[in-house]
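Below are two complexes that have chain A in common, paired first with chain B and then with chain C.
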Partner chain A sequence: MDTFMLFLILLAIPLLTALVAFTCRWVGASRPVLTAVHTIGSTLLLLMSLYGVWAVYQQGELLAGHNWLHLDSLSSLFLAILGVIGFITGIYSIGYMNHELEEGEVSLKSLGTYYGFFHLFLFTMLLVITSNNLILMWAAIEATTLSSAFLVGLYGQQSSLEAAWKYIIICTVGVAFGLYGTVLVYANAANVMPNPGDAIFWSEVLKHANLLDSSLMHLAFIFILIGFGTKTGLFPMHAWLPDAHSEAPSPTSALLSAVLLNCALLVIIRYAILISAAIGPEFPQRLLLVFGLLSVAVAAFLILVQRDMKRLLAYSSVENMGLIAVALGIGGPLGIFAAMLHTLNHSLGKTLLFCGSGNVLLKYGTRDMNAVKGLLRVAPLSGALLAGGALALGGMPPFNLFLSEFMTVTAGIRGGYLWLVIVLLVLLTIVLAGLVRMIVMSVLGKQPDNVSKGELGWLTTAPLAVLMVLMVLMGTHIPQPVQQLLKQATTIVLNGDQAGIDELHALELPGAATEDSTTAAATSSHSAAQEMYRD
Partner chain B sequence: METIALATMLLPFIGALLIALSPQRYAKVLCTAFALLATLGMGWLALSYLGSGKTDVTMPLYSFGHTQIFGFVIDRVSTLIGFAVVSLGFLISLYSCGYLTALNREHPHDGSNRYYALLLIFIGAMAGLTLSSTILGQLLFFEITGGCSWGLIGYYQSPKSLRSALKALIVTHIASVGLYLAAAWLFARTGTFELTAIAQLTDADKLVVFGGILFAAWGKSAQLPLHMWLPDAMEAPTPVSAYLHAASMVKVGVYIFARAIMSSDSVPHEIGVVGVVMATITMVYGFLMYLPQKDMKRLLAYSTIAQLSYIFLALSMSTFNSKMAFDAGVAYIFNHAYAKSLFFLVAGALSYACGTRMLPKLRGMLKCTPLLGIGFCVAAMAIAGVPPFNGFFSKFPLFAAGFSLTGEHWWLMPLLIVALIESVASFAWLLMWFGRTVPGEPSPELASAQPVPLSMKLVLLVLIVMSLVSSVIAANWLN
Partner chain C sequence: MTGTLLVNNLAGLMIVTSMMVIAARKPTVSAGLYALQSLVLVGIFLSLASLFDAHELYMWSISSFITKVVLVPLIMYRAFRKMADPNADGGVISTALLMMIAAAIVLVSYFATAPVALPMLADLKPVLAVSLGHFLIGLLCIVSQRNILKQVFGYCLMENGAHLTLALLAYKAPELVEIGIATDAIFAVVIMALMARRIYRTMNTLDVQKLISLKG
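Now for the complex of A and B:
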């Protein structure tokens, strides 16, 4: 397939689905029609994203549309997340929204609106991922705010409208800082680059990064981090996040947390690569470390005191984004690899939990953990999946987040950040306590009398089970293609740091098991004193 | 051999998955069957180790490039302790079949799938931990046991038990920070997770790695200052207490410490000194806390804390180049597992039969429930270290090794004397409770006691026998 066609189809699928869904809403189509449109759109997007990832895997970096569109290993990782999570939340949405429709929480019209904005939201995020144009990247981030704000305010209640309003205001103001950063980089690049017309393209600026002005780039990174950090949910710019995540319909919360935050993070990573190439990695890394650690610290304590289940999960997103920023800040091949892996792992885990909390909401009609009790007795499968997911999110093995958190710790020790690692581990223990408290309060205990027993149907439980299987798989045996993808993404972030890339290739993960002769040599070379303990 | 080891580790996990998917009435049978399979696997492993003339084997399982992620180590220590924890897992699941029924007077309740599934996962994790040749594998199973213990301690879902469960999880998780650091440090310095790489470290690095491991071990083995979770964890169903808080989970700590000492050719003396001093302090504290206890299980919890201090004492002394102390420590892990499980299971049988385990309410055990009376007697003697029970054969070499070290390390003398006094005093204290509860005219609670099911009796019998012979097995195996 022609590269341009690939981009065109990829972007057209969600956009057309959105338009069709809006049209259906306008002509008053019935629920099955809407559902069919939504299902086809989600499935096609999944297939096309995976095809896109595969194309990058085969051909390497793809550029099209006069350099406007761009897909490399780094963005294909995020594209894979978008495709998979978009599909899973899409399927979950059907079950969830049907239930809401039957309960009369939403009307058929708002269902059309929901599906329309769902795909529009996916389209805007896709634009962020595939954009090579710095200004378009910024505009796409703004567009994600607008498209998802309608999803946040879908229920039309005062609290959800307020959350949507807060979301728009804070994010627009925040991302405006991102625009300053963007303009600074562009203006400087346009001045120094031989062909000023190329100064708008990330891939072109990167080639001439050494020409950029040092003090301007320092300034630009601060703006970028504050601006797009708002959207990533880094402390102290995270204020919109708990409200928006908790008021949105649960599948949307999952999408916000698992894909949108990553998209904003991708933009930060793109600029970090660019600016590191211009002024060296120390400054961006230090800023990422500080903001990351602060986010983890503040979120950890807030997780501990939440009563609203979805707010708790929203703070957990802040915590995890902070953790990824810390891993990026630690840097080095291991740190960046850990950050990439954690991005993927967090997306799977958080989707599971938000969808699980959606089941709680449908079953109990509230997210208040003082009222939600005994889910394990009411709906055993959902309860077990939610409990398992929460333990996984707390970093319990054999689930995947244990692996990436442990890698971050190892990277930290390697980088000489002993105290930072100790503080981080203590904070992660607090997070675990908060998540376990959530299980204790809501999953365990006696069931209330007014709640009927039984699961809600396979459409709302099967996606959770699939996610659980994926998490165990990623925690015990990362498939070879995923490993390759993560490695290549890390290579892009390392950006030509040859020593780091060599180290990366020497590093391997629990993947393919190979017998190793060196271990046998190591075991046979015990010293005499060690033999004392053996016979 | 690799296949057997892998099967022993994975079978319980597969069993747990099956239990989760099958109806409740099959849970008991499945759990016991899979635990039996794992025990047979472990026994087979031990026999083939014996058959190969006791040659130590390290088998890399998951490795890549120069980094071994996970592997098995088969040697005299891993087979011995591995067999103990897995076989006790089988005995406990058999016992649970009788204990967790509607007939139980303290907690009339049929065991659910969740209980048996978590118990099996725990057994699998213990098998994996004892056989693991890498520190990453140890960390992985260390955390899994923590998660399972949370589920099992809070099994009855009363607010108090859930609080205790959370406490156990968080305290042991804070302890695991030490193991995280040790693992990361080892990898950063040597580029591998293999435990044997500890030997290549410089003394300063060893101090960090051993410090981390010792801290993690204190947490899991309920030593000061991370001991507070264990007495509260007595909210768990009694078979769980017997397994987690006597046989397996608390042994994780001492086991990883022992394994680290084995893997290193020399251990910094600072670690030995800190280990010995903290062990003595914990021992004295554990004994002082015996005094106000009326609840049999809480008494046993403090007794466990004190007994584990002996193991720490032995292992820490072994860092001054004493093989005898090391063997005494490992044998102690093995012997104490059986004796203390017996004691807990007697307590469980009493609550099953009489509906209480408060010591002042129990009198005349020998008359009404002779088996429980004998079990109590044997367990108390074994714990106190009276010959010919197994406790004596682990305490004696410990003191022998300790006193022979005092020539070089004079400061050990007062600490050993303190330990000796503690040993005598705890014997006296257990004797006092023995005199009050076992002989004499039955109290109303015991007079109306219901008979104990066969499965529980069988397990108690096996454990009584093991309390006599386990020291012989351990001594022969370690030689």
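Now for the complex of A and C:
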């Protein structure tokens, strides 16, 4: 297939699906029609995204549309996440929204709006991932806010409208900082590059990064990190996140947490690569480290005191994004690889948990963990999956998040950040305690009298089971193509650091192999980590 | 030299008009003042265009005039006049304090931009400082106002500041860039206005201090 056609079809699928869904809503189409449109759109997007990832795997970097569109190994990792999570939340949405429709929580019109904005939201995120144009990248991030604000406010209650307003204001303002940073980079590049017309393309600016002005780039990275960090959910700009994630319909929460936060993160990584090439990696890394560690710290304590299950999960997103930022801040091949792996792992885990919390909400009609009791007795499969997912999210082996968190710790020790690692391990233990507390409060315990027994149907449980299988697979045996994808993505971030790339290729994965190949210091930290996980 | 003097003075006027946008009590009045401010911005674009002999900037002036002086204020005026909540008018801090903070912001911006070394900027450093300051004053508007409609203006002010920086540092940017940013801003204002209307209808208030049911 022609490269341009690939991009065109990829972008057209969600956009057309959104338009058809809005048209269906407008002409008053019935529920089966809407569901069919949504299912076809989600499935095609999954197939096309995986095809796109495969094309990059085969041919390397793809550029099309006069350099406007771009897909390399780094963005194809995020594309794979978007395709898979988009499909899984799409299927889950059908079961979830049908239930809400039958309960009278949403009308048929709102269902059309939901499916329309769902695909529009996917389209805008796809635009972020595939854009090579710096200004378009910013505009696409801004568009993700605008397209998802209505999803957040879908239920139309006071609290959901309030969440939607906070979301739209905090994120637009935050992203305006991103625009300022973007303008600084672009303007500087346009002044110094031999062909100013190319200054708008990320891949071109990167080739001439050494010409950029040092003080402007320092300023620019601060703006970029504050701006797109708002959207990534880094402390202290995260204020919108718990509200939006908890008030949105559960499949949307999953999409926000598992795909949107990553998209904003991708933009930060893109600029970190660019600005590191201009002024050296120390400054960007130090900032990422500080913001990341603060996010983990604040989120860890807030996880511990939440009563609302979805707010707890939202703070866990802040924590995990912080962890990824810390891994990027530690840097080096191992740190960056850990960040990439954790991005993928967190997306799988958080989708499982948000969808699981959706089942809780449908079953009990509340997210309050003081009222939700005995899920394991009410709906055994959902209960077991939710409990397993929560343990995975807390970093328990043999699940996937253990592996990436362990690698972050190893990278930290190797990088000489011993104190940071100790603090991090304490914080991760607190997070685990918070998640175990959730399991004890809600999954275990006696079944309340007013809740009927039984699962909600395969549409709301099968996606969870699929995710669980993927998480165990990623925790015990990472498939070869996924390893390759992660390594290639890391290579892009390393940006020509040959020593780092060699070290990366020597890296053996996963599980047992990882432990063998790491240093003695790392092994001792492993046992320390094990001890902490045991309490 | 008169060209740069004109640009620097117009940039000063930007700050004055943005203070007026913030200080006005009624959102509809702010919409009019915002149109005035955008007109000043278009004036700066035109003076820069003749100063640098940049064809692109003339095109920018035209598209900015259409979007910022006419469309956005019109959308805001039409949407906002149907909503009124006298309890929410005014800010959480006094206008005098607001002025002092704004002055401090401009001063800080002046020092922040001082080390920037680009040849074309020798005489236009104050404008660069103003554009950064203007951006931050927009942020000040958002945090200091109680009326959610005024928060929308804060975003618009930030956007104008970023736009001025772009015109100053990258006047050779293709027209498409400018149109992209402007279109995005229009959509943002439309969506914010729609959302504000839903809030107004559901809760019958525009006071941001009443939107506090979610915390922790």
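Basically, the second predicted complex is superposed on the first by the 510 of 535 C-alpha atoms of A that agree within 3 Å, B and C clash if a C-alpha of one lies under 4 Å from a C-alpha of the other, contacts with A are read in each partner's own complex, and residues count from 1 in each chain.
Keep in mind that, in the parts below, a contact is a pair of C-beta atoms (placed from the backbone, for glycine too) under 8 Å apart; a residue touches a chain by one contact, two chains touch by 3 or more.
In this text the structure is predicted, and so the values were computed from the model without any measurement.
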### Task
Kindly classify A:398 by the partners it touches after superposition: chain B alone (first), chain C alone (second), both, or neither?
first
### Task
Answer with first, second, both or neither: which of chain B and chain C does A:190 touch in the superposed model?
second
### Message
So in the superposed three-chain picture, is A:406 touching just chain B, just chain C, both, or none of them (first/second/both/neither)?
### Response
first
### Task
Applying the touch criterion given at the start, work out whether A:440 contacts chain B, chain C, both or neither, answering first, second, both or neither.
first
### Query
Can A:180 be said to touch chain B (first), chain C (second), both, or neither?
second
### Message
Contact-wise, after the overlay, does A:384 reach chain B, chain C, both or neither (first, second, both, neither)?
### Response
first
### Task
Quick one: classify A:426 as touching chain B (first), chain C (second), both or neither.
first
### Task
With the two complexes superposed on chain A, say which partner A:172 touches: chain B (first), chain C (second), both, or neither.
second
### Query
For the complex, which residues does chain C have touching chain A?
112, 115-118, 120, 132, 135, 138-139, 142, 148, 151, 154-155, 158-159, 161-162, 165-166, 168-170, 172-174, 177, 180-181, 183-184, 187-188, 191-192, 195-196, 198-199, 202-203, 211-214, 216
### Query
Touching chain A in the complex: which residues of chain B?
20, 54, 56, 58, 60-71, 75-76, 114, 136, 139-141, 143-144, 146-147, 150, 154, 157, 162, 165-166, 169-170, 173-174, 177, 180-181, 183-185, 187-188, 192, 194, 196-197, 199, 261-266, 321, 323, 326, 479
### Task
Enumerate the contact residues on chain A facing chain C in the complex.
135-136, 139, 142-143, 146, 149, 153, 156-159, 161-166, 168-169, 172-173, 176, 179-180, 183-184, 186-188, 190-191, 196-197, 199-200, 213, 215-216, 219, 242-243, 246-247, 302, 305-306, 311
### Message
So in the complex, the part of chain A that touches chain B is made up of which residues?
### Response
376, 384, 391, 395-398, 402, 406, 409-410, 412-414, 418, 421-422, 425-426, 429, 432-433, 436-437, 440, 444-446, 506-516, 518-520, 522-523, 526-530, 532-535
